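Pasting a structure below so you can have a look.
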Amino acid sequence: MPTVKPVAYADASPEVRAVYDDIMATRKIDWVNNMWTTLAHHPPTLKRTWESVKQVMAPGALDSLTKEMIYLAISATNNCEYCIRSHTAAARKAGMTEAMLGELIAVIGMANETNRIANAYQIEVDERFKQVP
Amino acid sequence: MPTVKPVAYADASPEVRAVYDDIMATRKIDWVNNMWTTLAHHPPTLKRTWESVKQVMAPGALDSLTKEMIYLAISATNNCEYCIRSHTAAARKAGMTEAMLGELIAVIGMANETNRIANAYQIEVDERFKQVP
Amino acid sequence: MPTVKPVAYADASPEVRAVYDDIMATRKIDWVNNMWTTLAHHPPTLKRTWESVKQVMAPGALDSLTKEMIYLAISATNNCEYCIRSHTAAARKAGMTEAMLGELIAVIGMANETNRIANAYQIEVDERFKQVP
Amino acid sequence: MPTVKPVAYADASPEVRAVYDDIMATRKIDWVNNMWTTLAHHPPTLKRTWESVKQVMAPGALDSLTKEMIYLAISATNNCEYCIRSHTAAARKAGMTEAMLGELIAVIGMANETNRIANAYQIEVDERFKQVP
Amino acid sequence: MPTVKPVAYADASPEVRAVYDDIMATRKIDWVNNMWTTLAHHPPTLKRTWESVKQVMAPGALDSLTKEMIYLAISATNNCEYCIRSHTAAARKAGMTEAMLGELIAVIGMANETNRIANAYQIEVDERFKQVP
Amino acid sequence: MPTVKPVAYADASPEVRAVYDDIMATRKIDWVNNMWTTLAHHPPTLKRTWESVKQVMAPGALDSLTKEMIYLAISATNNCEYCIRSHTAAARKAGMTEAMLGELIAVIGMANETNRIANAYQIEVDERFKQVP
């Protein structure tokens, strides 16, 4: 149970409903997941966050699948269960195969291992890595 | 300065040199970055880590560029300077454009924002997100 | 279920009961929450932690409500469910309204977003921000 | 040095300059800090992030000083040096005294301690803390 | 429920069974815990991870109990429930008493507190602490 | 440079000097490291933190070397440079050899790797690991 009451479509203000409608239209689905019904506790945050997510996750220089896998990698690093489960689902919907998920998780594990080894020894940045193209 | 003395090629044992040689051959470069010369402080960890990185980062179901961008996303989330700088360089070498980097960092920021909002409200996982294909 | 057996008041040693009594007297409540009954697994840690919390969270240059909201912001960032739920309750008891909670969570999300963007680009600290008054 | 080239006002596109101008006007200052000149590497992220920060950090149900101290608490928890230094400066400008900073840091330390103790014992959430008002 | 289907011994490929057999033989037990049956989703990661864990956790310059307590300290800091519970069990099996667990958790809390205080004030590293033996 | 002015012995109040004197006497050294001279910015936090550290780090069910290595493991996980460098020095002083440091860092890397793999797959806790002795 979240720490606030989620807002169902039937109980939502017109301002909140407009965001719910846009989520369903953009994603071509007929339901709204708990992320948004809970965020509706604070309508300005609901609106701003949805508009940001819509802009950031749209395909551009990176395709949707790559973006979803990056989102999942960060969520696993941060240990956010909601985010891990929703973005595993989203990445699969965007085309992630089980073999891709297996390799993704191997990279997640490896990056977290070497990040801590680099910290532990306080490894110095090589001069070549400081150059900006 | 790291907390231990890095091991230069000239001073390295045959066991350590073999790893250095394999790093240079695999990556088609003529130098070894500080990650490995510092890890040589403990040869079994040097060898095991290099072999794991070589296996995990090889192109497979995911290509090298995608893997490098995922590594960078995790390193930025963990705030590991060495890892951020070395994998920004590696991702560029693998073909990451400045537009791709800009979008990658937008996803990094957004995922970290919504991860914490999901935590703060203790948003409940939707039943649909619990289903395994 | 915690990894150790919590200690109920009836089963507690006089040393542990003295801490429980002080918690109830200080907070003007008639029960002891699981944080403390679990910490009683190691009485010296129970006593030291309670005395530190009592000192640090007392109103001083900062009022209790501000302190509770800071506690909640950190707990959400660390994803500690126990801490998120207990300090959301404590902040509400200290006067936090739903509008204040909504803005607090917006700041939590934003700070975590820009923290990672600052890391990802390795943004340099401005000279003006290094000056100490 | 950041991993990309910051964009000075003189070299900025009209789109980027418009953001810089709004930052200076909103904050009543005559310079733009590195956060924004580095973010200008990706103009859509610059614009979206600034508009979000402006909205989230404006005084509302919480005043500016409280918001800045929460930002600092999260930045210290995440160990983002840029963010710690810039928000320590911003909080002081908004009225934070040295005594308030001392108590803030005491809460930062304490929350991080008890968060990990709660994790380590896997303390169970009390039923009373699960109730939503 | 994990995000993938765990692989029971009866359903496992010969490659996966070989790892399961080695886990049971090495640990002198007759069951395989969920870590490994879930990792079997991606057999190369199962094999590589098990071989690394076997090598790293074997007694050497540090004994098994010390290694398990270090693992638990990191898992509590990262708030990984699976890891906290499995390594609390493993540390007890290796000889950790309740008094040792109590002191371990006290150190976990204290280190997390002072880590954040050091960050919050941006404490400078003393010259003496930069010297490498 | 820290965000506040450290307090040298010569400039310290009697209250602060008493803590400095106790640090030097307890550790049998003739200088006070920056952790404490910076914490002196807020004398109640200086006094409370020192007394807690003195109690928690004293040898008991765990010896000093084990406690210092646990502290280092957490500091590397949290990426606190000050803490990594000061506790690497302290652990060496307490008897940590280079071989022990090498194994410690291997455990730090491995625990951080498997923590994130457990998160990424949302591995379920085995029933046996939920039992409390």
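For the reader, a short list of remarks on this structure follows.
Think of it as A, B, C, D, E and F in the order they're written, each chain with its own count starting at 1.
Here is the rule we go by: a contact is a pair of C-beta atoms (placed from the backbone, for glycine too) under 8 Å apart; a residue touches a chain by one contact, two chains touch by 3 or more.
These numbers come from a predicted model, not from an experiment.
If you take chain B and chain C together, the chains in touch with both are A, D, E, F.
Across the assembly, the mean Cα position most removed from that of chain F is the one of A. Where the sister copies chain A and chain F meet, the same residue numbers recur on both sides for over half of the interface positions. Here the spacing of chain D and chain E, counted between their Cα centres, is 34 Å. Averaging C-alpha coordinates per chain places the centre of chain A 27 Å away from that of chain C.
Averaged C-alpha coordinates put the centre of chain A at 20 Å from the centre of chain B. For chain C, the set of residues that touch two or more other chains comprises 1-4, 41, 44-45, 48-49, 52, 56, 77-81, 84-85, 88, 99, 102-106, 108-110, 112-117, 119-122, 130.
By the touch criterion stated above, chain F contacts chain C in their complex at residues 1-5, 44, 48, 52, 55-56, 130, 132.
Of all residues in chain E, only 1-4, 31, 33-35, 38-39, 41, 45, 49, 52-53, 56-57, 60-62, 66-67, 69-71, 73-75, 77-78, 80-83, 85-86, 88-89, 92, 97, 99-100, 102-104, 106-108, 110-126, 128-131, 133 touch chain F in the complex they form.
Of all residues in chain E, those touching chain A in their complex are 3-4, 41-42, 44-45, 48-49, 78-80.
In the complex of the two chains, the chain E residues touching chain C come out as 79, 84-85, 88, 98-99, 101-103, 105-106, 109.
Of all residues in chain E, only 72, 76-77, 79, 81, 84-85, 104-105, 108-110, 112-117, 119-122 touch chain D in the complex they form.
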